[in-house]
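One chain, chain A, appears in both complexes that follow, with chain B as partner in the first and chain C in the second.
Presenting the complex of A and B:
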């Protein structure tokens, strides 16, 4: 029982990270239709920014996070400016920005590896590494590292902000409008390029914060981007790219499937990692819109 | 032209001729050595310092006059950690006229490059790879390996653990090629000694947590945990989960845990961990090497640099004994290497290629060290007896 309760905390934390990456994908895919595989590298930028501000320069944590958010906003905006806007303005085919962003992925990764070197760099925990227990519960206790709880709490806040943005603000409605019908939205006076810039900037912040949250555990290293991008993308497909909540649901489902399989399934250890990819295939075949369908347009 | 003019012109011509004759003596041909390393791929954290050590050794050798009166010229190529690229680069190097290839990238890349060294009969070695199968899977008389084999690592660890009489242990590794290979040899060594491996777990590249694997290990109640993984972030996840789950099982780790990055990436999680290493910081040769390296480059050297350094010196010695850059003569001289002094390994260790074998690291040459707080402690055990 204790193992199971501990797994719930651990898998939730992992699921939250996947969910954040999925949200980042979603923030860009919804309004623009562009799938940005460089989100993993944005998470890496967030992690390395964490190393610089928090480990190297030892800024106080909240101030460091604020600075990192600014760096990420700039990164997202710059990515869109360099890899997407010139192509869209010249009427390039839809695949073009996706490929250009794959190129950005390589540029980000190699720049970081040249600047910082190939070794993993430490990113500090916001709170001293410790075990937190919540219980008793069914004779055991919900336990995990305090970083897991920090990740879960932060993710809930970020998702709440994202949900609130889409549901309750005018800008959020603009995003939805662009997602539903690009031309129609433009005709209604919505500034398409501003929406695109904002979506990339926001996507970078979300992905980067995901990287910052997971980095104290895995260290900031130049190869951390691609696995995160793959997991995030799978989470998005599973949960459904239509709704913000879908990203989180997909992430949690994926993480639980992975970790419960590793812990309890009587399969040889190497095979447990096929689970997320099998899930991806199953969902693409059976339910390609994901678990949560996009909300119907309200007339 | 006047008489004086002609005389002057003749003088100039003589001077020019003299210079022309003198020039070739200065521009004597270098000995070309090919180096295949990984500058951008997954092996970069390990390949880079090995390469730096090798380059430093070449510089030292050239400063003392080179080999057979000729300077060493390094042709360095980047295989990105990809086996097929490695083979292509090996061919490129052979075509460029190298007489020896040093493979400093992944074990799998070195394996693939061997197909070229075998076909072109070019002497080829790895001073750092530890995959046991490199000299056994392909019968390539032109290839040698002086890295510390996985089998030597487990034998040394077990010799250290022998006093504790373990009956049931667990193994944890990652899903990289080398991690799987080392785990295989660990498992083989343990089972041969009659020790039961109650569970073997795998942490995949890119994992964000090792908790389910460590939970499974905790449930299996082993008396010791052997770490065979070779990827730093994933190993650190194992150590964090170990602490997080309150485990107290003694840990014995492969030589990967000797890499200094752990002291920053795994800070606070290392105390008490025993690891096998090919580096004794108290060895006088090591002290001399690290001082010289620091003086020349301003940077700290650590164990990985030593592999490259030894590899270059071993190779230079073979060429010297061969008396020429004929590949066949170099091959014979290399195979005949006996008791070549090493800066790596335990005190007094030397490299020898036993009859018919091409792996030269002394089976008794590894040491076991323990992390004290976050620092790598002294050698507490030597050899595999």
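Presenting the complex of A and C:
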């Protein structure tokens, strides 16, 4: 039982990271239709910015995080300016920005490996490592490293902010409007290119914070991006690409499926890597709308 | 590559006159002899480089048909190359089958797997196909790593030799001849397909699926056939590759190669055979030129080149050549090859 409860904490934390990457995908895909596979590289940028500000320069954690958010905002904004906007303005085929972003993915990854080298870099924990136990519950307690709880709490805050943005602010309504009908939204006076800019900047911040949160556990490494992107995308597809809550739900489901397979399924642990891939394929084919359906326009 | 260029023009005119068929055949033969002849003047190191170059050209050509001509963005192409390589090695040396049977069964395996991927994938649009096939390619790597003694796990399979073909041991430049033949055969098949009703149906689907369907093209079936044929061609190239290095292991078939083929086709000029050849040659040889200058960071140059081409030269390098020649036929959708 104790074992199972610890697994719950670990899987939830992992699921939150997947959820953040999924949210980043969603922030861009929903209004623009662009699937930006470079989100994994943004997570990597977040992790390396963490190394630079927090390990190398030893800034205080809150100040460092603020600086990292700024770096990420700039990264997302610049990515959109370079690889998306010129193509949209030219009226290039829909696939063109997606392919250009694949080029950006390679550029991000190789620049980081050129700058920092191929070795993993340590990123500090926000708090001294400690074991947290909540309980007792059924004679055992929910336990895990405090970083797991930091990840879960931060993710909940970010998701709450995203939910609040979409549900309670005019800008969020603009995003929804663009997602539901681009042309109609433009006719209503919504500035499409500003929505696109903002969605990329916000996407970079969310993905980058995900990278920063997971980095203390796995270290910042220049190859960390693609696996995160695949898992985040799978989480998005499982949860439903139309809803903010879907991203978190998908991330959690994915992480639990993975961890439960590693722990309890009678297959070699290497096959656990296959779980998200099989989930991705199955969901794409059987239920492409995911578990939660996107909200339709209300008449 | 001058041999290829002359072949292009020759077989183009070959369709118009009956005797042109023979002229076309003669030119293919000449190209094969020229490209094979090169191998006998190269040292064993450059023979190795040359073989891999030819295989990349073959891969880029078939991927160009899948992505550039039919508009299916799939990341499974290199995985099928790997499936071909692994299957022929496993069938030959673990199942102890004779070579011809191993080849036939290997191709069959590629066809079956391609159908398994392609048939349900017709429901997916645009980049979602790319993601599903990316997952498939990753899954292939998981199976390679976890396959135990069958796939050799992370270390792969090694220490095998090509069995004699008709009593002959194909080694050195003679094996390069086999690769030349496979590459040219791939090219010939794709050209033939491209210039048939089928090829025009593929291009119609890429331009506008709904319009193509309205014109009587069976969209789903055409997509499935393209995916299966090109994947099988990639598998065949992989089978040949298995005896180039005489080892197959998971890192060889890593994901970055799936991106590399895509980059080759886009940089060269997607939808154009000549473009695929140029892209493959350029991106394959680039690291050899660049590595003395910037070490292992040639991938950064790939990314920059890829981005630059999409932003500034959407028709690829072949588009520059076209505009220099003052004939922009590609835009009209007419396939000059």
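One rule holds in what follows: the second predicted complex is superposed on the first by the 299 of 299 C-alpha atoms of A that agree within 3 Å, B and C clash if a C-alpha of one lies under 4 Å from a C-alpha of the other, contacts with A are read in each partner's own complex, and residues count from 1 in each chain.
Just so we're on the same page, a residue touches a chain if its C-beta (ideal position, glycine included) is under 8 Å from a C-beta of that chain, and two chains touch if they have at least 3 such contacts.
Here the structure is a predicted model, which means the values were calculated and not measured.
Touch criterion met: A:263 reaches chain B, while chain C stays clear of it. Legend: residue contacts after superposition of the two complexes on their common chain; A:110 is shown touching both chain B and chain C.
Contact with neither chain B nor chain C is seen for A:243 once the two complexes are overlaid on the shared chain. When the two structures are aligned on the shared chain, A:119 is found in touch with chain B, with no touch to chain C. Applying the stated contact rule after C-alpha superposition, one finds that A:273 touches each of chain B and chain C. In the superposition on chain A, A:226 contacts both chain B and chain C. In the superposed model, A:30 makes contact with neither chain B nor chain C. Legend: residue contacts after superposition of the two complexes on their common chain; A:285 is shown touching chain C, with no touch to chain B. Overlaid on A, the two complexes show chain B and chain C touching the same residues of chain A, namely 110, 113, 226, 230, 270, 273.
Across the complex, chain B meets chain A through its residues 40, 42, 44-45, 48, 175, 200-202, 204-209, 211-213, 215-216, 218-219, 232-233, 236-237, 240, 243-246, 261, 264-265, 267-268. Remark: chain A residues 35, 82-83, 86-87, 92, 94-96, 98-100, 102-107, 109-111, 113-114, 226, 230, 233-234, 237, 268, 270-271, 273-274, 276-278, 280-281, 284-285, 288 touch chain C in the complex.
Chain A contributes residues 3, 6-7, 10-11, 13-14, 17, 110, 113, 117-122, 129, 131, 144-145, 214, 217-219, 221, 223-224, 226-228, 230-231, 258-260, 262-263, 269-270, 272-273 to its touches with chain B in the complex.
Chain contact summary for the complex, chain C toward chain A: residues 73, 120-121, 123-124, 126-128, 131-132, 134-136, 138-139, 142-143, 145-146, 255, 259, 262-263, 266, 297, 299-300, 302-304, 306-307, 310-311, 314.
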